[in-house]
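In the two complexes below, subunit A is the common chain; its partner is subunit B in one and subunit C in the other.
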Partner chain A sequence: MSETLGNDPALAGLAERTPDARRWRLRAETPLVRVARNFAESRVAVFGLVLLVAIIVAAVLAPYISPQNPYDLSEIRIEAGELPPGAVERADPPRQRFDIPIDPAAPGVQQLALNGAAPFTVVTAEVLVSDPERIEVRLTGEPAGAFAEVGRLRIDGVPRGAELTVGEKHSFRSFWEVPGADLAAFAVVREGGFEGTFELEVDLRGAHGEAIMTHWLGTDSQGRDMYSAILYGLRISLSVGVLSCLFAMVIGMSLGLVAAYFGGRVETVIMRIVDLQLSFPAILVALMLLAILGQGVDKVIIALVTVQWAYYARTVRGSALVERSKEYIEAATCLALSHRRIVFRHLLPNCLPPMIVVVTLQTAHAISLEATLSFLGVGLPQTEPSLGLLISNGFEYMMSGKYWISIFPGVALLITIVAINLVGDQLRDVLNPRMRRDG
Partner chain B sequence: MTAPDTAASAAAALMELSGISKRFTRRLDAAAKIAQLLGARLREETVHAVDDVSLAIAEGEVVGLVGESGCGKSTLGRVVAGIHQASAGTVTYRGRDVAALEGRERMATALAIQMIFQDPMSSLNPRLRVAEIIGEAVRVHRLVPRPDLDDYVADLMRRVGLDPDYRKRYPHQFSGGQRQRIGIARALAVRPEFLVCDEAVAALDVSIQAQVLNLFMELRQDFNLTYLFISHDLGVVEHLSDRVLIMYLGRIVEEAPTEALFGDPNHPYTQALLAEVPRLEPGRRIFKPITGEIPSPINPPPGCHFHPRCPHAMERCRVERPALRPTGPGRFSACHLNDEARG
Partner chain C sequence: MPRNAWAAAAVAAAMFAPAMAHAEDLTIAVASEATAMDPHYHNTGNNNQIMAQIYDRLINQGPNQELLPGLAESWGPTDDPTVWEFRLREGVTFHDGSPFTAEDVAYTIARVPNVPNSPSSFAIYTADITEVEIVDDYTVRFHTATPYPLMANSLSTIYIVSADIGEDASTECFNDGACAIGTGPYRQVEYTPGDRIVLEANADYWDGAPIWDTVTIRPISSPAARVAALLAGDVDVIASVPTTDIAQLEDNDDVNLWQGISNRVIYLHIDSDREVSPHVTAIGGSEIENPLRDVRVRRALSMAIDREAIVDDVMEGIAIPAGQLLPAGFFGVSDTIEVPDYDPDGARALLEEAGYGDGFAVTIHGPNDRYINDAAVAQAIAQMWSRIGLETSVETMPRSVYFGRASDLEFSVMLVGWGAGSGEASSPLRSLIVTNDADRGLGGANRGRFSNAEVDALVEEAMQTVDDDARAALLAHATEIAMDQVAIIPTHFQVNTWGTRADLEYEPRTDEYTLATSVTPIE
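And now, the complex of A and B:
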């Protein structure tokens, strides 16, 4: 009823005035709007789409939002390797050296010359000799409390036979290791007294370096921030997946359309190649190809295109065969339009809905295939780690409890693929003509 | 409307087919060939959709082509429209062999012969807007200057009874009758001289059928069109045609001016068809269907194709193919009974 009403120009105006007017206007929407509206009916799919968009934005904006450029070796400190998630990376603690000249014959107060940066700005030493066998040393430093900031402390230059009242001598080397708090007051003791002057060489390090950043997802063995590495890895994984899919789609779709449109021998040749291609496991073909081609982003893309174009060719041929037999193609032939125009302007757009689904799902497949190849070590080079390579790199640390190096890139890969699949599944439902509810 | 009443006036023929056959062959694939080598009895299957058909259509004439489903009438229409290549025989348009034309002339002839399709759902590209469906070929072939294209399309839409305001819509937003009008406007856009209407109203409601048929008749006068009107509906053909061809299993069995054919059918098949047309008549009437099924065109019966179902079949009908012979002014029939009567 509504169908005939909606198309009658005389009644169209009436329809505008009815409470149903909103529905009437919806009837004039483009197919794209209709697909979008049907898509939005599934909350899970919308969630997947939002997630996917967020992932893509994060990957694209990686250089701006990641705390570290994991490819820039000058930003990476191997000292920060294997930090657990949430650990704060600190710079090297400050190191300071000073010498305390001691003359048993002339005790007194002296200001020491500092060498290096922090924790002290001024250190004053008071040398007291109350007993010929015992020399007391009292240090006062500024700022006050800096003694607590001292992490490691070594004192060298203790005369032969003498001992310090604090700390312990290194088992075989000449210096003494002393807790920082004990530095304020100690004594040098030597049975039989001291002969001449000597200098105590104090070498201290601050307890904490300056905080550089917090690694919320930890770091890998090279000291790379995992969060940054995952963002950059996503970039590579996504671009390899999308690029290879696009190339494969263009090649596969053209060949599939040509096969369906022209039929005969052309179709036989193309489709038998497709059958041949699809009868080999994708991973096996890709492995062999990469073994021949070597590593590199371009080579991985070539390998992925080679193993994937056949899916597109087969899918598009199926829908093109159906569309080909419809009368609008005959009408186009009758209007003396060129083959190219008929194939790409009439046939192709009508074969697109199933292709969109295949592209989404194949992108997820390409990403996981690339991850597999990289995990096996034949994919991308170490200098441009994708998610798969990150997982592979972290895998050897799994047994030592350093789960984060491998798990987090794996989780990122999982989320990406799940998001793409959620979107693809809903697209399949929306674009499937059998399930289409024409509005 | 004075149409030439004989097919024999071949000199004035706009479109002429001679000895047209169209065979569809399903080739054996590699697996079948191997199976055959191993002794399987597989043969290439050939469908004789159109079998040695000759006809002539004069300018301005409306020729009805009638037959059961699967008798090859749509295939013949497509050969005429240039969508299918004939397997044998020649199609002549304005005295020139269509297959031998090149370049500009080939294009002009292709555009001069247009087709209206049966299913208004599938005959319009669902991805294109109406304006593009109608205007594409005009734009591609540069039949109208680019700035005038919009007006040209709007004018065509008005001519076929569509509101030009709807030109930005998609086919799915129209009813069946409106879609058929879009299809007609698309064909008219390239200024054809000859329209092949393949069951053009079969998929429409009866009320809409009448509107579209009237539109065809108006357009015939406005554009000086010649029609080959393919239908299984005898009523429609009677209403519309100057001359009627009856087709059975790939062959033309009878050809006659409309009134003569409906008044005095010659061929047994035509007689059987006409006898079963439902009519508004008082009293009860028992329909006697033609016995048997239409035979498969893969294995057509020898001799006269109609003999297994013909009440008058003789020994000769099983052996010899009857030729299409004149039986009266402008009338032809392919039946051995005519010879018997004469002889």
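And now, the complex of A and C:
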């Protein structure tokens, strides 16, 4: 059986008789449990929290769950660039090159055996000079296993003024592109006959290579697996966001508390610096700093801390001013405790709830700021893209219809920020008594 | 379709009303705007392509940078190889109606080295001229201290201005239009930095009145925005169509694409000079003696680059693999240099031989807004070097930051491009390859500080050789040695793509200029 003690929701229904039934024991709900219970009242917020936890877990475990390390340049291949979602990355198709020396002055048939591997073994070139203006060439070869399909056949070294009877000359390069399902037969023709000998350079490439892996979200222009890149990008984005917020909070909170506690000139100086800082647009200050500092995760964090600490200082000062006039601080002062102890042991814990809200929301802000900076090309190095840089890289491809390079990292960023904001909003409701719906 | 109908209507109207002027305007979007309207202020393609329409040169450059008579009808060295004589075109007038004479040539040559605050002066082209002798109104002689075979090439870069603008015509005076008096096919009407340059046809142009009445040149730096502007019909011609959009635009009937080889080679400068290079370390970061001084290491780096893959996969096929300083067909190019084969195994073996079997760490620096796909090329090279065991990283930055730092030798390996303004091999050789010597204006852009006495001597000799064939052979030989010693690692030659409306034709230019005079309606 239980009994309600007053109206305090913190105590509601939580007094119960101990088993020995002689004394009432008050088992007050700890603040944490209370917060958790209130938090859970919003299903959307719980959904956000679950999402956020999932994202964090994915980011932390990225090296174990991603199929590729997108930051290891030796693992990614430019040849696999811009593959659409679900495409299979294949190894370079086998390639063969041989030179066919041709002497137009020697009529008759010439047989040339050229060694090959894949896609064709034992390639033979048959050169037939039948006419001073026309030389027939026939390439034959034994298909080698599975890869005996011709992907492309280029023939270079065609003398100036001469033409091939098949295929087309490349619009600005010297070679001819010859279609050939299985090697080719063609003729070199030159009006007015040929001058001297020449060598045809055949560059033959198979159609397929061995399958390496499937890219479920496609690849970017450098051949990075988008799924892996997004996981690693989340890792950077989250750690930059969280770290910069923590540093900014420590700095901002200390200064804000000191300002509120000591008041007077100290407060004036600190709060005017805060005003000054807040009067500049964050993105502008961060851009300037990064232009000076250069690229790197550490530098991005420094820039973000610089633009964000003032928010914390101002918030904490507000609540500290209220707390400072309360009796418990007076009591602590009367006990002649040191300033440091009063500020950090008495004042600080009572100012924390609003800070938790600010930290959460500012983390989301820091992540989007980092993405903005990367999008603008300052911030992180090209070879270690965060979400912003991935979006920026893909932006160039929007017109050409390669949506996946930009959209997927964009969606990942969006989900992350929405999840953090859902959690943050609910925390604000829970921790701010005036907004308590059950109060 | 309606646009074609309009064009047809216009043609019909022109046929039935021959008295009516053929009035048509043209709007061009370029990637970067001119830094000033002073033709002698800044030697850069973005400026020169505007100037080439307002001003003439004594010798103009054709689409393939061939030398064509401009304000000079004929030219050549006199019996004394240190004196060149130019016969000027008679009856040419400036935009203000005053006649063009030898005075204007002398004035221009005197003005060129004296433009204040010039970021990149044209003085390199006039420095060798010791005296301009005015023989009569239409004959000029240029004197030099030593034989100067490049006289014609050099003067084909200098825009002739009117002597009437006075001794101290400032860059500002050109910007506001008062001094902008040339003889070219178009006259300057409006210059609004960041927005537009408006040109108007010079109906009295000596080579015939231009086709377009008014030409508006707008800078649109974002490639996607440029394409969008063309598709929307806001502009008629765009420069630098991004390679990523080419495949799709080829299928679009409203747009024509025009492609042409550029004189611009994209290459890596390698620090082959300093004992310790700032961005080359042992794996792990400890300082090592600069391995890039060893030619075997440089060769290995070159062999490790799959140029075909860069062309096919980064440039979408719109480039040409490069093994030397200029594409085939240019003056002074070697016939014997082949594009190095991609050979990662050979590269690894060479590194092993040089004592770097375990690799080292290197950072490639590059711009991210200067050349076609520059950042992506740098990353692709980094991938390829990673495959031979080098720990390679890439740092790219906007060109405004990049080039200053590169010239201050802050980097070890840097991606750069070089367009041969004079259209022949001495331009890259003298700027990029010969030993850096600021006093003599040599090796000014030699940011790897490569130095080879034999190459220096050959280039020096070529610069004294007036005979074209002999000079071409010397330049080719110098290039062969430089490439054998891997002074730089060329990767590809740019191929530029212009986009126009479906009823226009663009004649591609190797100098990458986008000119209204190269745009013609398709009949």
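As a working rule, the second predicted complex is superposed on the first by the 290 of 439 C-alpha atoms of A that agree within 3 Å, B and C clash if a C-alpha of one lies under 4 Å from a C-alpha of the other, contacts with A are read in each partner's own complex, and residues count from 1 in each chain.
As a working rule, a contact is a pair of C-beta atoms (placed from the backbone, for glycine too) under 8 Å apart; a residue touches a chain by one contact, two chains touch by 3 or more.
Since the model is a prediction, treat every value here as computed from it, not as a measurement.
A.B. asks: According to the stated criteria, A:E330 is in contact with first (subunit B), second (subunit C), both, or neither; which is it?
C.D. replies: first
A.B. asks: For A:S130, is the partner it touches subunit B (first), subunit C (second), both, or none of the two (neither)?
C.D. replies: So A:S130 meets neither subunit B nor subunit C here.
A.B. asks: Between subunit B and subunit C, whom does A:T197 touch in the aligned arrangement: first, second, both, or neither?
C.D. replies: neither
A.B. asks: If you stack the two complexes on chain A, which partner ends up touching A:Y397: first (subunit B), second (subunit C), both, or neither?
C.D. replies: Only subunit C; A:Y397 stays clear of subunit B.
A.B. asks: Could you look at A:Q295 and tell me whether it touches subunit B, subunit C, both or neither (first, second, both, neither)?
C.D. replies: The second partner, subunit C, only.
A.B. asks: Tell me which partner A:P31 touches in the superposition: subunit B (first), subunit C (second), both or neither.
C.D. replies: first
A.B. asks: After superposition on the shared chain, which partner residues are touched by A:P349: those of subunit B (first), subunit C (second), both, or neither?
C.D. replies: first
A.B. asks: Residue numbers of subunit A touching subunit C in their complex, please.
C.D. replies: Listed in rising order, the residues are 72-74, 76-79, 81, 171-174, 221-223, 291, 295, 377, 381-383, 395-402.
A.B. asks: Contact residues on subunit A for subunit B in the complex?
C.D. replies: Contact set of subunit A toward subunit B: 3-4, 6-7, 9, 27-28, 30-31, 268, 326-328, 330-338, 341, 346, 349-350, 438.
A.B. asks: Given the complex with subunit A, which residues does subunit B contribute to the contact?
C.D. replies: 29, 78, 81-83, 107, 110-111, 113-115, 117-119, 122-128, 136-137, 140-141, 163, 165, 169-170, 172-175, 178, 183, 186-187, 190
A.B. asks: List the residues on subunit C that touch subunit A in their complex, please.
C.D. replies: 223-224, 227-228, 242, 244-245, 247-248, 259-261, 309-310, 313-314, 320, 328, 368-369, 375-376, 378-380, 382-387, 392-398, 401, 495
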